[in-house]
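Next, two complexes with subunit A in common: one pairs it with subunit B, the other with subunit C.
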Partner chain A sequence: MTSLELKLGADPAKENEGLDKPKKKKTPKITKSGKPSVWRRSPSLLVGAIMVVFIFFVAAFPTLFAENAEKPMTALMDFTAMLKPPTAEHWFGTDNYGRDIYTMVIGATRLDLLIGLGSVALPFVVGSFLGLICGYYGGKLDSIIMRILDVFVAFPFMVLAIAIVAIIGNGIMNLLIAMWIVSWPPYTRLVRSEVLVAKNSEYVQAAKTLGYSDITIIFRHILPNVISSSVVYAASDVVMCIMTAASMSFLGLGVDAATLEWGSIISSGKTYIMGGYWWISTMPGLIMIFVGLGFSLFGDGLNDLLRTKD
Partner chain B sequence: MDKFMLNRRGFLAGAAALSGLAAFGGLAAPQFALAAPQEKIVIGRPVDSDDLDPVTCLGNINIFIFNLIIDGLVKTSNDGSEIELNLATGYEVDESGTVWTFHVQEGLVFSDGSPVTAEDWEWTFTRAIESEDSNWHMCVENIDHVECPDDTTVIIYCKEEAASTLANLCIFTLGVQSKAYFEKVGADEYHNGIIGTGPYMVKEWKRGEYLTLAANPNYRVEGQPYTKEVEFKIVSDDSARVIQLQGNDIDIATDLPFATLMQLENDPNITVQPDPSTMVYWISINTTREKLMDRKVREALYLATNSQEFVDTIAFGYATAASSVFAPTSEFYYGGLDQPSGDIEAAKKLLEEAGVSNLELSILIRGGNETHKAIGMILMKQWAEIGVTVKLDEREATSYQKDRKDLTQYDLIVSGWSDDIQDPSEFMQFIFDFNVNSGYYSGYHQPEEMQALNAQAQIELDNEVRKDLYAQIQQGFRDEGIYIPIMVTPWCNALQSGVTGWVQTPLGNYRFEELAREA
Partner chain C sequence: METFKYILRRVLQMIPVFIVSLIVIFLMMRLLPGDAALATLGEKVDPKVYEALKENMGLNASLWDQFTIYASNLLQGDLGSSYKYKMPVAELIGSRMVVTLCLALTAAIITIIVALPLGYLAGVKKDKLPDVLVRLFALVGLAAPSFWVGLVLLITLAVGTGLFPTSGWGKDWGEHLWALLLPGFTLAFASIAVVIRNVRNNVVDVRNADYVDFGRSKGLSSWVISTGYVLRNALIPTATLLALRIIGMLSGSVIIENIFGLPGIGALLVEAVTGREYATVQGCVMVFVAITLIVNLLTDILYSVLDHRIQLGGDRA
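Now for the complex of A and B:
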């Protein structure tokens, strides 16, 4: 007699309770009085969240931080103020076109966040979906998708991204497409490995026994229990995607020269860095460190939060 | 100078022997023994050559090297102002001006030791004239055929008398090459290196990494070249090239950005050498675009441009503002043209007269080229003042090369030219022969009057009359408003302070016979 057969006689109502059990446990642990709040249990989540919220705030209201941040590129150029070092007037100095680096960095925040989040969103959804399907059904479909995934993983991340952009051309949309194409494999792998374990869990077997459809089982019962690792990965992947986009722009393969983006600003300063004009590349670099740190701490905190539950 | 070097070398050899003796004898080695030249000089450049076959190659990255490997009958002088005899000892021209008889030095041998024969001369000329793969037909199209009755006589039969004949004979495709070597290795392998009579020969080429030239052991000038090996090392990143130069990893850095030159001026161990060149940058306007067909619109764009601002912003004073597509180093340069000086009010008025507003234009630039990018950026700023929006269309180098031949791909394009011969005839072919590159990417068919002026300038023998004809042509370009001159830039090189004898002609050719660095 198999375990499945043993469960056939069980009360469906009780089984349903069991299915919701993991969800129900989650809420009380966090909100129950007398236990430390999530923020106290995970200081990195608190600090990371503050930093990320701040970054979003800057992206949403750039003119609060730099009044010219939303002006067109040509309005920022001032040939009478070329290559000025950081001063009270120009906090981050100016570049070779007399543009205020601080204004450029603030102005570029929205686009970089968009690239970071936009690059992660689709791979997160598609990669996780494929991981669910592969892990749940297995068989030939799993083999085919995993072999395709192996092909993508076989190429170094940057090399593949550069090759794609070289083929389809520069530009924000093409950059996002390149990022989408190269970013999905980790999500598929993460989710698939979790599903392989989860699909043999009692609650899944019970759901099958109760005659729930595959779609219900996958999305209602398995997904909430396997997605946490992907969510954590996505938080840190935002940083990776911003960095990759910046690297692509640095190499002249990202956004065009007239678009404000942290990587392109750093790239534009590389010619001048040896001449002592260090601020053009350094200042946006420092901001990228801040943003990277914020998202990393946030991801680390999420990891603590979600994995503690397990 | 040759005598001096021979004496110096003999002297150094003696000094070396003396220092050996001194070492064995317990004496102090004399200081002057340290003054021996380095065996090898390393030159850092951003891009590697891709074809060392002079007939099929394209691009300065190949062209500049040929003067090191092959020699022609004549050559341009180091300062680019004259045409000098090279392998020829003299020449005569018949009364019709179409038959040129050159007398070649006796006893010439290729770098592999084989003699230069009449067959080699004939083959070299015939291949340059007839090869379908050649990109340089315009320089040899006036040559009907060549006869070489013996190894030291080359008779060139031209189709018509032309003022540019001698200058065209300086083109690198006519540098004598070994026919036997070509037949031995085949056309495909010939792209990897050739056998000539120049001071150097190809020793090793690891594509994308380095190209090493070794001194030609059979070079006709005794004692030259001074340096036994020259290595062209690929250092793509500008900053890395500077670091390697300052770190003494390379002896010479070429193609440096202007900002870097400014920085290196303060380094006592480095000599910044912005050599005069014929390199001119301009904007070609695509006249096949409906919005740019109106000459008033083109004129408005010309007037709104301020070329001096490009010089100040991009070149930090190393370049000069251009007023023509001809370089001022050319004797046919016409100085009577106004350089674009940013007359915003006049430009606005013209746009108004043309009934154009909210004009949006895309400018095609080569990805990774900082000068192209900077030109596009500054143009964006300057033209914004007359309400014209410029969009930078940056394309990867290979796509750029392909797309610029397609007039549907752009409104404007950053163009540039440096002469390959000391005569405007080659350059003018690129503009007047629409099939070469669509009127230098302007899509503009030159009218009959201009074509007639150019045809006359090609054959006119009186230099003063030629100058006047080319002045009219340059004025014609200005009136048509198809090219907006930006700036004339030098060859931006920097050398270790011990390097001597560095020559890059205004045409860009390297001449390294006397290149040396004291060890």
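Now for the complex of A and C:
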């Protein structure tokens, strides 16, 4: 068992101890006992983590990968090199303004990553919190929140997101708001169903008998035991949110056309497809696949690690 | 009897959700910035014409009156009419619905044909080369954005070679089918990945189950074990997943129909949102919500029919 699994299965007293101490101390103990380390047991976690770290690195230091990545869009225009196919000089080719597509794609990484993480962060916190409350207290409050949730999931998410952006308008912030409204229900459902099981377990009964307050029981005893499925879901949700955001931009309902975003770059190439200029719309997809692979592998790895079947 | 009671209860639960969704979408449309009458007529217009149209569209009434009119019309089966297409919304949606349903059906068939054998193969050959290759394929499928896959197919198979139409839906069923292949595959792409992973994991689980070992020790042929034991049990969760994918496909159709210029309900929704066509948007969203609710119900029923151990209405607290 890994340190994380030990933590999840342990009784409340031990588990708090585990939270306070840094993980480092525990890992060697496990390798000593002859079991393979976390990375060896889950190669997809290793590969995924490396890819995700790399993506963060690109987002933080785009100029290391494309020297002009942080310059304004107009500075990239070069009317002597319009619509050039991919070459050694322009890896992904150039667009109708002669801008290097590789540079644009690298430059957009930061924004897309922010959209992906930003879309997930709030629903993860709020959705999980609602799940905790609903599962633990049950009753009227639970029924009300669950019926509201039913209404939200009655809309296919793309349809709801389009309707919201249509009302509040384009732009990065509005896109994020749409993503928040659309993506909280799965977190609430996942956490709620696990709380329903956990609240009947012995350690919760023990904590209740000892007279701990509800808040202590919910956040210190139940939360660490039920959050893993939510965490795993969040990793794959980042990919889904980046894709949905890009799809919205592609339809002209996401960030405004002047903002560099993978979806809007792909969208800008749409009109040139018929003329045989295939690279504007296709090349940015490669980096999206890379990002998607990274987060999917990372999520799979987390899943192997946190949720072993009993 | 139990099943019937359960279904009845679920249907009764669906009705308020459906009504609330209608109210939500009605209010959302009224909150939209911009004026529906202005959007229909264009910028420069005679104020008299504008006022007349506004009156005719019922936009001068109070929000509550607008809603009661909308609701009473709806109960009579009248969804209002589209000003852009000059026809009743119900008829418009009906004609567009065929395209979207055919698209979803094509995608579902492609998903089944591709994903079931590959998932089964990967599960049987766990950790061997076929498994690794199939899992890699599934990962790429999850990572590739569907609108990008659509564009790549469009560029390589339609624009480059002229094998497939680049836009439109054709005139007869032969052309329809041909026009649906690329968008169908695009829509299926993400589902294929999800279903492959699901089938593979189920096959791996089932093959480790005690009753499979028991079947082997009884001396049953490997054919009987793989079809009667493994496949049958591994596909139960997959069947419900497939049903749920239909909702995902509805979401996907909004984008895919735009790329391939298919006149479906998803494309209609985007047109109607940008054109401020209240009645059309309300109608489209209503259809989407209705399908989602029905699919969810059918999925639950399907689950219990396939696996008798699951009792309907058990723990829905």
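General remarks:
Quick note on the criterion: the second predicted complex is superposed on the first by the 275 of 310 C-alpha atoms of A that agree within 3 Å, B and C clash if a C-alpha of one lies under 4 Å from a C-alpha of the other, contacts with A are read in each partner's own complex, and residues count from 1 in each chain.
Note that in this section a contact is a pair of C-beta atoms (placed from the backbone, for glycine too) under 8 Å apart; a residue touches a chain by one contact, two chains touch by 3 or more.
Note that the coordinates shown come from a computational prediction; the quantities given were computed from them, not determined experimentally.
Residue by residue along subunit A, subunit B and subunit C are tallied for touches, and C comes out ahead.
In the superposition on chain A, contact of A:I215 is made with neither subunit B nor subunit C.
By the touch criterion stated above, A:V151 is placed in contact with subunit C alone, subunit B being left untouched.
Looking at the shared chain after the overlay, A:F79 reaches subunit B, while subunit C stays out of its contact range. Judged by the touch definition given at the top, the superposed model places A:A166 against both subunit B and subunit C.
In the superposition on chain A, A:Y97 makes contact with subunit B only, not with subunit C. Using the contact criterion defined above for the overlaid structures, shared-chain residue A:A88 touches neither subunit B nor subunit C, since it reaches no partner.
Of the two partner chains, subunit B is the only one that A:A257 touches; subunit C does not reach it. Shared interface residues of subunit A (contacting subunit B in one complex, subunit C in the other): 166, 169, 252-253, 270, 273-274, 276. Considering their complex, residues 138, 142, 147, 150-151, 153-159, 162-164, 166-167, 169, 196, 236, 239, 243, 246-247, 250-253, 263, 266, 270, 273-274, 276, 278, 281-282, 284-285, 288-293, 296-297 of subunit A touch subunit C. By the touch rule above, subunit C contacts subunit A in their complex via residues 13, 16-18, 20-21, 24-25, 28, 31-33, 139-140, 142-148, 151-152, 154-155, 159, 166, 247-248, 250-252, 254-255, 258, 269-270, 273-274, 281, 284-285, 288-289, 292-293, 315, 317. By the touch criterion given at the top, residues 72-75, 77, 79, 82, 96-97, 166, 169-170, 252-253, 256-258, 270-277 of subunit A touch subunit B in their complex.
Residue ranges on subunit B touching subunit A, taken from their complex, read 237-239, 242-243, 257, 259-260, 262-263, 309, 312-313, 365, 367-368, 370, 373-374, 376-378, 380-381, 384, 391-396, 399.
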